[in-house]
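Consider the two complexes below, in which subunit A is the common component and subunit B and subunit C are the respective partners.
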Partner chain A sequence: MQIKANNVSHVYMPGTPFEKAAISNVNVTLPPHTFTSVIGRTGSGKSTFVQLINGLLKPVEGSLTVGDFTITKHTKQRELYELRRKAGMVFQYPEHQLFEETILRDVAFGPENYGMTAAEAEKTAREQLAVTGIGENLFERSPFELSGGQMRRAAIAGVLALEPQVLILDEPTAGLDPQGQEDIMKMFNEWFHSDKQRSVILVTHNMEDAAAYSDQILVMDSGRLQFYGTPGDVFSRQEELMKLGLSVPESMRFLSKLGAKSGREITIERFRLQDTVNEIVSFLGKD
Partner chain B sequence: MLDNVIIGQYIPGKSLIHKMDPRAKLLCLLLFIVFLFVSRHPAFFILAISLTVLTFIAAGIPFRFYLKGIRIIALIISFTFILHLFVTREGPPLLETPLFTIYTGGVTEGAFIALRLLIIVIMASLITLTTTPVDLTDGLEKLMKPFGKLGVPTHELAFMMAIALRFIPTLLEETAKIIKAQMARGANFTHGSLWRRIKAFVPVLIPLFVQSFKRAEDLAVAMEARGYAGGHGRTKFRILQWKPIDTAAVTLFAVYGAFGVYTRLFI
Partner chain C sequence: MGNNIIEINHLSFRYRHSEELALKNVNLHVPYGQWVAVTGHNGSGKSTLARFLNALLIPDAEGAVIIGGLNTKTEGCRQEIRRKAAMVFQNPDNQMVAPTVEDDVAFGLENAGVPYEEMVIRVQESIDKLGLTGLEKREPHRLSGGQKQRAAIAGAVAMKPELLILDEATSMLDPSGRAEVIDQVQKLRDSENMTILTITHDLNEAALADRIVVMREGEIIGDGTPAQIFRQEDLLKEASLKKPFIIELIASLREKEVDIPEEVTTEEELVNHLCRLKQTM
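So, the complex of A and B:
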C-alpha cells in the first residue's frame, strides 16, 4: 500500500493550557512495499506521526492516504476501524497489552474482533506464534508467566495475527538484550520480504537498524520532517544529523575515519556487517 | 478521550490562590463544605456561590478548560437531581402522570443537592488545580498533626494521598496507551450494546492492574533505596509559610460559616 501524507499537522489537547503541537505540515510519500525508518530525538513527533498512519489519531490539518483510505479530521471511527486492520501497530513495550488467560487466546483477540470465528482465529494465532518463535508448549500458558522477551514476541504475534499489510513498529526492540534485539529485527525483516504487498514503518533510536533494513529514512525534529532519503543519502549528512541530536552508524564512522587517516578513497556507505568487512578487506588488499 | 479529566491535575500559575498556604486552602475548603450543609437560606446560598465565583476568578484557571473537565461530574450531578425528582415525596404535586408523580419538594430538594454538589466540586478541584501535590501533602500532614498524638499515622496517610494524586495523570496516560494498543487490535469501545462496551474494557483493565502492581513495587524499592523509613525523624526541605492573605482567607470563610449558622438559627 502506498502511504501519502499531505500537509499533515496534529495538536495534542487543543484548547487547554497543555496544548502542544506535535506534528506540523508533514509531506511525504512512502511507495508500496518499502521498509521505512523514522528517526529523531525523543519528543520529535515520530510516535505521533506513525499513530496518524493507522488512524489512532486523526490529523488536525491536512490528510493522509493509506492505500484506499483517506484520513482527515472528519473521518468516521468506523472507517478507521477497518484501516487499523490493514495497518498493524506494535507499540513500545507491546507486552503491556497482554491480558488473556492463555497466550493463544491473547493472540486470537485481534482476529476475533475483526469477525473471524474462534476456530479460524485460533488457526491464525498458531501460525503467527510460530512466525514469532513461540513454541507450542507455551500456547496454553498465561502470558504473565513468560520471560520479557517471550512476552514481547507473543504481543507482536497478536498484531501480526490481524494479517496487516503495513506493520508499524514503535521502538520494538527497546529494553531487550542485544541478541534479542537482533533476532526481533531479523524477524520483522523476514516478515517484510516474504510478501510483496507488505510494508514496514519503523520508529527507532538505533541508527544501525535504520541503516541495515530501510529503503527510506525519515528524519524528524520538533514535529517537522527535516529531510528524508535512502540510508546512504541520509547518513551522508552527518553534520546535520549531529545538530539534531542524532548520529550515524558505527560502520560509517569507522570507514570515514579510515578514509581520512589513510588519505585514500573509500566508500563509506556500508551498513551491513558483511559489506563493511568486504570494504575493509578490499581496502587492505590494495596495499 | 481521557484528555478531559482534570481531577488531581496541577496547573502552574502565579495567581493569588496559587500563592496561598496549602493549610489555609484546606481549612477554607473544610469550612466551606461543613457550613454549606448548615443552612438552606437563599441569602446564604448566594453568598456561597459568590465565594465560589470569587475563588474561581482569583485562581485564573481558563474557563473553557474547566468546563471541559467538569463534564463527567455534571453528568453525575444531573443524575442526582433526577433521582431526587422521582424519589422525594414532599409538598404539593407538581406534575401527575399515570406512571409517576413529581412533587415540588422533589424539585427544590434536587436543586439544593445538585447546587451544593456542584459548588463543592468546583471548590475542591480548584485546590488540586492550584496546589502542587507536594504542597498539598505537607499541608494535610501539618493539619492532621494533632491526631498523631492519638496514634493516627498522619505522615503515612498524607503520603499515601500524595502518591495517589501523583499517579492519577500517569495512570490516565497509561490507560490511554493501552486503549490505543487494544484499539490497534480491533477492540471497539464506541459501538455495540452497553454490556459489550463494558466488556470491552476488560482488555484495558487487566494490563492496567498488572502495570500498577509492578509500578507500586518499583516505587517502594526506589524509596527504600533512597533511605525512606516512614515519617519519624524526617525533616522538611520546604517550610510552609503562613502569610497575611491566608489569615484573611480563613477569616472570610469563617465569616461565611458564621453567616450560615446565623441564617439557620435566626432567619
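So, the complex of A and C:
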C-alpha cells in the first residue's frame, strides 16, 4: 500500500515545560511495494516518524495516509487497531518483549489476540517461525532459553504472524554479530520480495544496508526530512551527509577517493563488493 | 610476570543451569599499555570473560585471573582490583546515575572517599580528556549517545584505572557517536599509556587495536596483530566475523589478478597503489 505524509508534525509533551518538537512538516510519498530506509543521527526523529506510520503516535499537525487509513490528531485509538496489524512494527531489541511460556505460544499470541482461533494462530505461528529460521525443536522451549540471535528471530516471527503488509523495522540488527546481521537482513529482503503487496521501512545506522536493499532513502535531521531519493542520489551528496553526522557506504568512499587522487572519471555509485571490484578493474584497464 | 596487567590461566566456566561451558580453558596474558580487542560471535564468551577481569565473576578451583598482580580469588583484593580495572558497558542510557555530567564523573570518586579538592581537579581533568569540556552542567538526557558513553568513560578514567574495559561500548551508537568514542579511546591509549580491552564484533574497530583475540564457543581460537588475523580467512569464517571492507576488497582484487603487495592494508595505501599501477600501465 501507499504511504503518504502530508505536512506531518509531532511534538512530545505539548504545553509542558518539556515540550519538544520531534518532527516538523514532513511531506513524502512511499509508493506501494517499496523498500525505504530512513537514516539520520540519534535524535533526528527517525523513530518518531515510523511510529506515526503505524499509529503508535498521532500527528499534532498534518495527516498520514497508510493504504485506506488516514491518521490525524482527531483519529480515535480504536480506529487504529486494524492499522497496527497491517503495519507491523519490529522495535529495537524486540526480544525484550518476549513473555510467553513457550516460543510457539509467544508467536501465536498476536494472531489470537486479533481474533484467530487457537488452531489457526498456532498454524500461522509455525509458518512464521519457519520463515525466520527457528527449528521445530525449539518451539516448546521457553523464549529465555534461546540465544540472543534466536530470541530476536522469534520476536520477529511474532510480528510476521500478524501478516502485515508494511513491516517497520527500527534498527533490527543492533547488537547482533556480523553473520547474524547479514542473515536477518536477507530474511527481511526475501519477505519483501515474496509478495507484491509488501513494503518495508527500515530505520538504520548501517549505510551499507541502506544502500544494498533500498528503493529509496530518507535522510532526517533535527526532525526534518532533509532530502530523499535512490541510494545513488542520496549517497552522491557525501558532504551534506557528513555534516549531518552520517557517512556513505565504504565502497563509495573508496571509489571517490580513488577518483580524486587519480584525477580520472570513476563511477562511484557502486554498493556491492563485486561491483566495486569491477569498477576498479575497468579503471585500471582504461586508456 | 610483572609486565602483565592481565594474566588469565586455565579459566573455564559454566553458568548455573547451563549444560555448555561458557569459557573453555582460556589463557590470556596482556602486557601493560596494550590495546586488545576481544572479538567473536554472539554468545562466544567475550562478555563473560570481561566479567572475570574485574572480579564480577570468580574462577573456581583450577583457573586463575590475576589483575596487576592481584588474584581475584582473594576476597580482600577485590575492591582494589575493581579500582584498577574499570568497566564501561553497552547501553548509554543505563550508566549515568547523577543529574549532571560533572556529578556523574565525580560519583565514583565520592564513593571512594577522595578529598574534595582533589576530586574537583580529577573530575575536570577527566572531562577534558574525553573532550566534554563545556558540558559539565549538562543533564544526561540532553546528551547524544556518544557524549553519554564518553561521560561514562570519563567517570571510569577519573578513578585512574590501570585497565579500561569497554564491553561493546559503541554498539548502540550511531556512526558519528561511534567515531567520537573510538577517537577518544585512541587518545587515552597514546597519551596516558592506559591498557585497554575492547569487546566488539566490529572488525573495523578491532583493526585499530594492537592485538585481536578471536573467541568462539568459549575458546580462544585466534590471537595476533590485526594484519595476522585478517589473513586467516577460515578463522574469521569460523568466528562469524566479517573482514573490514578494505581487506575484502584487496582479496577480491587479487583474485582478478590485480597485483597488490602484502604491505598494503589500508584505504590510503590501496588508493596510492592503484594510482601507481594505473600510471605504469
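The rule we apply is simple: the second predicted complex is superposed on the first by the 285 of 287 C-alpha atoms of A that agree within 3 Å, B and C clash if a C-alpha of one lies under 4 Å from a C-alpha of the other, contacts with A are read in each partner's own complex, and residues count from 1 in each chain.
Going forward, a residue touches a chain if its C-beta (ideal position, glycine included) is under 8 Å from a C-beta of that chain, and two chains touch if they have at least 3 such contacts.
In this text the structure is predicted, and so the values were computed from the model without any measurement.
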Partner chain in contact with A:His96 - subunit B first, subunit C second, else both or neither: first
Which of subunit B and subunit C A:Ser262 touches, first, second, both or neither: second
Touching partner for A:Met13 - first (subunit B), second (subunit C), both, neither: first
Partner chain in contact with A:Leu246 - subunit B first, subunit C second, else both or neither: second
Which of subunit B and subunit C A:Met187 touches, first, second, both or neither: neither
First, second, both or neither for A:Phe254, with subunit B first and subunit C second: second
Common ground on subunit A, meaning residues reached by subunit C in one complex and by subunit B in the other: none
Subunit B contact footprint on subunit A (complex, rising order): 12-13, 15-17, 51, 54, 56, 77-78, 81, 84-85, 88-89, 91, 94, 96-100, 109-111, 113-114, 144, 158-159, 162
Touch list for subunit C against partner subunit A, complex: 40-43, 90, 144-145, 168, 171-177, 201, 203, 240-242, 245-246, 248-249, 252-253, 256, 258, 267, 270-272, 274-275, 277-278, 281
In the complex with subunit C, residue positions of subunit A that touch it: 41-43, 147-149, 174-180, 182, 205, 207, 245-247, 250-251, 253-254, 257-258, 261-262, 264, 273-274, 276-277, 280-281, 283-285, 287
In the complex with subunit A, residue positions of subunit B that touch it: 3, 11, 62, 64-65, 68, 177-178, 180-188, 190-191, 202-203, 206-207, 210-211
